[in-house]
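Letters are used for the chains, namely A, B and C, taken in the order the chains are written, and counting of residues starts over at 1 for each.
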Amino acid sequence: MMSNEKKKRAINRLKTMYPLRNLIDEMYQRGVEASKIGKPTAWSMVNWWEADPILKAMDIEIVYPENYGAVCAAFGAAPAYLDRSDSDGFPTHMCGYARNCIGYAARMKDLGEIPPEAPMGGMAKPILLLASGSLCDARYKWFQALGRYLDAPVWTVEIPHPGVEESFREGAYESAINFMVKELGEFVTFLERLLAKKMDWDKLAEITDDIIKINRLWYEINELRKARPCPMHSRDFWSCMNASLYPAGDPKESLKLYQDMYQEVKDRVENKIGAVAEEKYRLAFAELPPWHDLKIFDELAERGWNFVIESWAYHPPKPIDTSQVSNPLERIAKETYQWFTGSFKGALKAKEYMGYFAYPYLEYARDYQCDGALLHPLLTCRTATNHLMLVQDRLLNKLKIPSLVAEGDIVDLKLFDHADTMRKAETLEEMMDHYRGVRREEGLEW
Amino acid sequence: MTEKERKGLDRVREIYQDRAHRAKELKAEGKQVMGYLCLYPVLEMLTAVDLAPYRILGDMEEPITKADACLPTVVCPFIRSALDLGLKGKYDFLDGVVMAHICDVGEKTSHIWRTYLNPSYFYFIDTPHTVHKAAQQQLKEQLKDFKKTLESFTGRELSLDKLKQAIKTYNRQRALVRELYDLRKPDPPLISGAETLQVMVALMSIPVDEGIDLLRQVISEVKEGKNGPPKKPARLLVWGSIIDNTALIRMIEELEANVVIDDTCVGSRAYFPNVELTDDPLDGLVYRYLVGLKCPRTFRESVFGETKKDYIKDLESRFGYIKDYAKEWNVNGVILQSVRYCDIHGYEVPGLRDYLDHIGLPNIYLEHDYSEAALAPLRTRAQAFLEVIG
Amino acid sequence: MTKVVIMGRDEKICARIVGPTGAEHRRLANKVMEEALEQANLSFNEISCVIATGYGRINVPFADRQITELTCHARGVVSLFPKVRIAIDIGGQDAKGLKISNGKLIDFVMNDRCAAGTGRFLEVIAAALGLKLEELGEISLKSTNRVKISSTCTVFAQQEVIQRISEGIPLEDIVAGLHDAIASRVAKMVKRLKIEPDVVFTGGVAKNAGVVHALKENIGGEILVPDEPLLTGAIGAAILGKELTLKAVAKGETIQRKERRLEEATFFNRGN
């Protein structure tokens, strides 16, 4: 019993995390209910605030099949959907979330309604499939492929992916923003036709503003984590990120709870309270965690491992001032583009050309003074995997930070090997100790 | 120069055996050679500033060793192979590299290439995902910038005249490729699929004007029809991800089939779309490279802004050209093939098969690992498919 | 296994041989053929057509035609069960599903990549359990509470089985679990063909009553099994040979393309 209690306390969770996490769950349930009783529903890819405010302003309920893939995996419903996708001829090497969704849609088509076994209320039949060109091919090809089962139109929102150096060429920024604004304009026109109603621009401006505020605050909270000891563990980040990443429900409610969280984290910083009792090692985590084995972080915390920064793709953009921009579409474009390119300046200086996904970890490692990193490649999510070897190499060779690779998957939860990871952790500890000395010798500040 | 002595298909085979030979020779003569990945870098612009484009391909016969350290094994083996060759120094003769946002892993590989190999010239074209007007404009803005970087790298002007000239030259080459493909319409075809592929690889390894000469020789040689393939019951179309080695096509053609047309990117996909000569030549180029090129990496809707999706219409708009190919080349079966881990082609498979079933064309999907050894098990599938349609 | 069937014009079988295969045996197709000829009491030049099929089909230098096992199996199954729509064949090295319409093969799926969906899976695990392959079927039928084998890979499944034994779970429940694992893998693959009755099950593994039972459950319907499930491919090949010959004769052609000699393969590593 004793040891059990000790385990529970290994990570000092934020008190303000709980209400926020509850709100996230509640908003999810409310959304399911609303779309079940006939509110127009869109299935949407995570789009980094590029389309969400527009959909919300048009009163469309949004469900995220990527997120639902994680739900199905957790409830054990995924294997049946994956089998269906396989037997419909989709190659098995493709994204597990996509195959889950394809199987789900196939079954929904057979039944003509939400499959009764679908966990957490299922996903209602959509009037729109909102694809996104950002970061991953699956995120538009998958929705295109759903045409087999659904008659909903697909719209793909564009976000430019310039190269690091190219993004600083004369006119590149203006052109990128212009492109996004024009496309978003087309998107609004399209939605107006789809729903036979007009956009409420004031409402859009307000929602956009709220979301930016949330992201700003969320950013500031994460900035506070640079303190030693780090006041907030990655687990709290993951528990709360959805209120920013999937801005469901009323953003004002989320904003309020993030404010509380900011206070708590700040207090902790002032009182030098860490998320882990004795912070021996500060670590970064890439990308999605092993959802079903989060307890591994408690075990690691007992060894003094504090996870101080994580998951670049789920972090809000670095702040830029768009308050003077009157067109909400332009504000949206600038913020989302900033999310993608926010680290490019540093990357260019460092001659690191994967300015998103890879370079941010170098920046994090330096700013948050990390001793090591835990990298978690996912078998069927190539997007979260492609860059990790580069990250590992650059962290070690440029910043003398060792890292550990532990493989997993997004739907095949058995793949993550807890025992093996714990074994490797010991070796990483030795390396972290060793590289501390190396960094000092090389004149790095930590 | 001995290779100048060889002509037509002999010369093609020679180039196919040692792709880089000519490029290295040109370099020794003082010409700059520019490598490019996949179909999206605009070749006309390279030629217009007197650079010799050279397509970066993989090598199925070379085991991947160095790329293992920077790309995981669960991604496209073609792109891993190409990067591997780069890391091994096999592309060191290139003066610069142009890459583009083809697929996600292609994009990331571009950045990895630059980070590790740091070529003296590098440009990344961020090809948009859609074909909308705004996307075309966005590509055009990038091409304007691309032009500037080429000029400052070479110290030469990329003039309108030269660009128009280059467009005409490339269109001429494209027309000749079509002419060659036309020679596959008779039964039996006058040239095999494997040989055609060698011609395509050769064209991508030498300057465009030399390619034009070579094509002319090949065409007149093939027209004589002395060594064409025998008549076989199956006339196949091969669709899918990149094929840059003859092994797969050879394996199919050793069976009771001739491959008479392809929809792959070392083939018709690269050469069929022409560039229209517009007042501002960039407009024609943008249209061709974004809208005209039919690679599934680009998202298209059958009607811009449609509010309901009609599945068959959607398939028709995405794959209708395949039906046209099938008719023109009198095809009675389709082999869909893709390297494993290619999402771009993978997601397409059930839809394309639905479409082919809908128009009554028998089809099969083969997945492989981009290695010759791994082709063996595919042989039984391919042969059984031929027995089914035979 | 190497199989030979010699068949007369009336589709009566005059010789049937089932012998072992291996790199060495595969090269010796001529020896097995000689044996079969002896059994049938025929000489080689009395044979009007030789069809080679299966993995070793390219190692039979005296064959007139090579036809894939998919087509041959389909033909063999149709001759035994004219109403068949789906044929499932699980052999030692691969598993396949055939879709048949009006007696003709129209589509197929196959797995030759992963041992877990083939007879090899059972072989490996039977060996680990110290059992004979032939015993598995009967043992599993005694099971009352089948365990679930969750590993999809042969190597892991083997470890899992050993683990279960050490937990004291009855052997029959474990073996039944194994049968279910292989049946569910194969059923999943065959579902791509949209299963319709009649379903016929052939191949070495079809002799295992436990797998037959599990496969029934997994596809949710009846399954027919021929008396000699190992021979369907060879029977099909022989029938196709007969048909080809009759067609050729009718046209006044001969089936033989080259001089045929009963000798061993020279490049025996080609098909391995």
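Convention: contacts are C-beta pairs under 8 Å (C-beta built on N, C-alpha and C of every residue); 3 or more make two chains touch, one makes a residue touch a chain.
Source: prediction; values computed, not measured.
Chain pair with the larger contact count among A-C and A-B is A-B, by C-beta pairs in contact. Chain centroids computed from C-alpha atoms place B closest to the centre of all protein C-alpha atoms shown.
Centre-to-centre, using mean CA coordinates, subunit B is 41 Å away from subunit C. Spacing of subunit A relative to subunit C, judged by their CA centroids, is 49 angstrom.
Averaging C-alpha coordinates per chain places the centre of subunit A 35 Å away from that of subunit B. Residue numbers of subunit A whose C-beta contacts span two or more other chains: 88-89. Subunit A contributes residues 83, 86-89, 414 to its touches with subunit C in the complex.
Residues of subunit C touching subunit A in their complex: 150, 188-189, 191-192. Within the complex formed with subunit A, the subunit B residues making contact are 69-72, 74-75, 101, 103-105, 107-108, 110-112, 114-115, 118, 122-124, 126, 128-130, 132-135, 137-138, 141-142, 144-145, 148-149, 296-297, 299, 301, 305-311, 314-315, 338, 340-341, 343-344, 346-351, 353-354, 365, 367. Per the touch definition, subunit B reaches subunit C in the complex via residues 377, 380-381, 383-384, 387-388.
Listing the residues of subunit C that touch subunit B in their complex gives 55, 66-71, 104-108, 110, 112-113.
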